[in-house]
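Take a look at the structure below.
Note that the chains take the letters A, B, C and D in the order they are written out, and that residue 1 is the start of every chain.
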Amino acid sequence: MQTVSFKSILSQYKVIFFDAYGVLKNYKGLIPGIEQTLAWLDAQKKAYYIITNDASRSPQLLSQSYHNAGLKMITPERIVSSGMLAKEFLELKVKDGIVAYLGTKESAYYIERPGVEAVSLCKLSTADMDKVNALVLLDDEGFDWFDGLNKAVNLLRRKTIPAIVANPDGAYPVSKQDVGIAIGGISWMIEKITGRKFIRFGKPDSQIFMLAWDIVQGHFPGLSKRDVLMVGDTLHTDILGGNKFGLDTALVLTGNILTEDAETRIISSGIAPTHICESAVVDFH
Amino acid sequence: MQTVSFKSILSQYKVIFFDAYGVLKNYKGLIPGIEQTLAWLDAQKKAYYIITNDASRSPQLLSQSYHNAGLKMITPERIVSSGMLAKEFLELKVKDGIVAYLGTKESAYYIERPGVEAVSLCKLSTADMDKVNALVLLDDEGFDWFDGLNKAVNLLRRKTIPAIVANPDGAYPVSKQDVGIAIGGISWMIEKITGRKFIRFGKPDSQIFMLAWDIVQGHFPGLSKRDVLMVGDTLHTDILGGNKFGLDTALVLTGNILTEDAETRIISSGIAPTHICESAVVDFH
Amino acid sequence: MQTVSFKSILSQYKVIFFDAYGVLKNYKGLIPGIEQTLAWLDAQKKAYYIITNDASRSPQLLSQSYHNAGLKMITPERIVSSGMLAKEFLELKVKDGIVAYLGTKESAYYIERPGVEAVSLCKLSTADMDKVNALVLLDDEGFDWFDGLNKAVNLLRRKTIPAIVANPDGAYPVSKQDVGIAIGGISWMIEKITGRKFIRFGKPDSQIFMLAWDIVQGHFPGLSKRDVLMVGDTLHTDILGGNKFGLDTALVLTGNILTEDAETRIISSGIAPTHICESAVVDFH
Amino acid sequence: MQTVSFKSILSQYKVIFFDAYGVLKNYKGLIPGIEQTLAWLDAQKKAYYIITNDASRSPQLLSQSYHNAGLKMITPERIVSSGMLAKEFLELKVKDGIVAYLGTKESAYYIERPGVEAVSLCKLSTADMDKVNALVLLDDEGFDWFDGLNKAVNLLRRKTIPAIVANPDGAYPVSKQDVGIAIGGISWMIEKITGRKFIRFGKPDSQIFMLAWDIVQGHFPGLSKRDVLMVGDTLHTDILGGNKFGLDTALVLTGNILTEDAETRIISSGIAPTHICESAVVDFH
């Protein structure tokens, strides 16, 4: 399988969409050289955005974590998270009452607004169950799994309310070898047990690309989808979703897929990126 | 279960998105009163569009079939079909060569353009297989199933190319009692046998709503999603998709769902429309 | 929907297979009249067995729990549990080393034997991971879910070992309204995340019926499958499995399925019992 | 990945179960050397049986086809086909009326008996629909797919009758590169469209192994499952099914799995055979 240098393909595009985990950083920290790459893109006047299936924290807090890691250029405005779609959905479709959630306290950012109360499902009293108007799965941390997952199943059995997952991933890497079960994986189980259909926000679903596209078009009127490159490490989310939205895509090998497996994975899934690059790092040597 | 009259909810919305089959017409022909309803909407200056998982014919031919049935107001501009998304995808992602398809000759409209050849999969010669750059499932008619389905499986086993379905429905009604297997149902089988992932265009996927939304916004700058109502007869496509996109939704009982089953279906799926109406017909008595 | 009295159908059968939960007992305790029914069956020389997807405890402890509840006639010999199939599998296919499990301490009964060590997955040291030769999911209690489920996923990612679930149920009733997630439901999630295929023991799979059948044939040489009735409250396990094995089946309405839902459930699933009875209780009035 | 010679493992077993396609023969004809191997097994007094997911013809006709190909030792008594399980099921569960089927005329052998009429679904008159008491999918040939598949969907929508598939395979090889869609693959689509649950007979389900085991035990009283080896070319049917039933298993590389892919396939599915052999041929050099 032949890879091309990331730099060599950039001249074709005006805007870059980056996946976060496995592209900018991984379990070891920042991908070496990524800071210089982003700085160079800024110098070249290439616009870039982070398109992430992360609903654990607000764009502000996500941005802060990049700042802490050394990437000062990742401002909240550059972050498009799946949580933002859950937020828009709730604003349009849930007018009042309680929105119950599974996730960290920070993830409740995507729910809270005047007139609507965000309540962690594990803390929901039986008396308050009547007031629940939606269930949102935001993150796999911040609650006891036995209690939370059983309560989610029974809430959906009792009430016909929208059920939302703001991160459709089944798992995410936590070390070189191991993964953690993501809230999207948990939603599959709840769906199969209850027969209820979750609404999923995040790659590969088009709605997150649409949101990013709307933001970009505000800055670059007349932009064509041909001018945008989606860069990611995962075939079933970044590449499938980018392709479907009509974007060119670049698979990088710094995350989920090892160099030696890339070809097999592409052939067996039928999901082919436009380009394959070792990493999203521009080599200045 | 309580239904409301269609007329009573219309004052809340500026734009109506109608599903076609089961809403405007069914196996017996036009829903009685629908012509007067559409004329009345025109008189009221309510905009309306047809959002349909139909890729069997071009918007022009679809419009013509409505004209023939008596609905002169359904112009091609009012039709948003899933085939249009397949067309946009192919224009962005397939630059040349052959696009093989399953469907009628008329459905090839969504493929044909200068530089790209549409070839019915059953007529594809072995010699030409090398030139195929995408497979598109458009319609369940126009080809021999044994030959076409086996060829589709083997094409995807041999070549890593995009596989697209422009109608995600599993079945469609053909009489009071019976259904026909739709091309979307066939795609499930091909996907499971080959392990390849199809790209699906059409409700409930957001991309068709996005396309309709872009068209509407061109005509009504500043429109909010709150001003749009999606009307459909199917929970898993019209209502789920409309809800997810953030629209209010109205389930009508002139198609897939019988009045006596509506409540059970809503509860067991967890997919709840904003309104339930007997039909999309305005009663002038 | 028409039900028949349980007593009226019994003359056709020599042997009765009872599901346990929802048939003999439910969340409120024993089904009223079940003790007299079993005593009457004994007096009539009808043989009966309990066929249960329960791997939480040994047949001895399961029998003891029936004794404690007042059913002295349910001896260990009358219990055929899905755990017994896991036990036979492990004896045949795992020769030594560690078998890691999720479940209570009592459920480890189905693993322990000379030469093989049963270790709760949450207590497995990294150093011992090399010695693990199988993973068995026995029960949803007895371990921390966050820790246990994540460890199960990563164990299967690292090692190509048999993965077994000794209870294929997705959920089980815990009160009039609520259910608990069963270990079988958890296995669906792990399977989808890892891509690994679990071996499932328990109804509706034939192997548990085969084991019961072998036991019965030992006592009644020349018995025909026509002489055996499977009685259960769940269509997808008891009735589907009994039907498939060639037995007549009786659905009772004291468990999973409410009287008013029975007909809809049978029609929508296509799983039809031979008989439908209000309960498995013989009325002596 | 290390393979062992087939001969070297045979001393451990008294009885061999062979899968047919991919083990004894493939698209090119008999596997070279298989005739001598079976003759040698006869001389060694090793018993062997053919365990096949083939319901296209009776054991007599299947045996005849082996005779024609040169394997005179494969008598009907040595053949255990998934069709035989469908036959037993129908005898136990369908007392009269019509059994509708999809398949060749020869496949109807598994249905026909006094009092029951086998009718090809494409030839079923509307008037006779009332008399249909079961639907059986036997083979992918012998009927028009468009007509047959649509009729199968609508029959199951109208009638709550047992639906059976006597070959659970999704596809089968027809040439070095290509496969054919099998009737099991078709059943997945019908199941998903109708929501009905098919009863599946054939590997990996235990019931076919149980039938073979009953036959073998009749000839070898006191035989242990440890004395039996299942030989197959497919992980998800032969090896998974054999393992689950408690048998040792040997994967051969003359069929579905190429030598270079075996290790990847085993690791990614988690289905591990006891042995891996290049072929089921004994080398006499």
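The rule we apply is simple: a contact is a pair of C-beta atoms (placed from the backbone, for glycine too) under 8 Å apart; a residue touches a chain by one contact, two chains touch by 3 or more.
Keep in mind that this is a model prediction, so the values were computed, not measured.
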Among all the other chains, which ones are in touch with both chain B and chain D? none
Please identify the chain with the largest separation between its CA centroid and the CA centroid of chain D. A
Averaged-CA centre spacing for the pair chain D and chain C, given as whole angstrom: 28
From the mean C-alpha coordinate of chain A to that of chain D, what's the distance rounded to whole Å? 44
If you average the CA atoms of chain A and of chain C, how far apart do the two points sit, in angstrom? 40
Please output the residue numbers of chain A that touch at least 2 other chains, ranges allowed. none
Full set of chain pairs in contact is A-B, A-C, B-D, C-D
Residue ranges of chain D touching chain B (in the complex, touch as defined): 144-146, 149-150, 153-154, 157-158, 170-171, 177-181, 185-186, 188-189, 192-193
If we count contacts the way the header does, which residues on chain B are in touch with chain A in the complex? 88-89, 92-93, 156, 160-163, 194-197, 199, 205-207, 210, 225-226, 236, 240, 243-247, 266-272
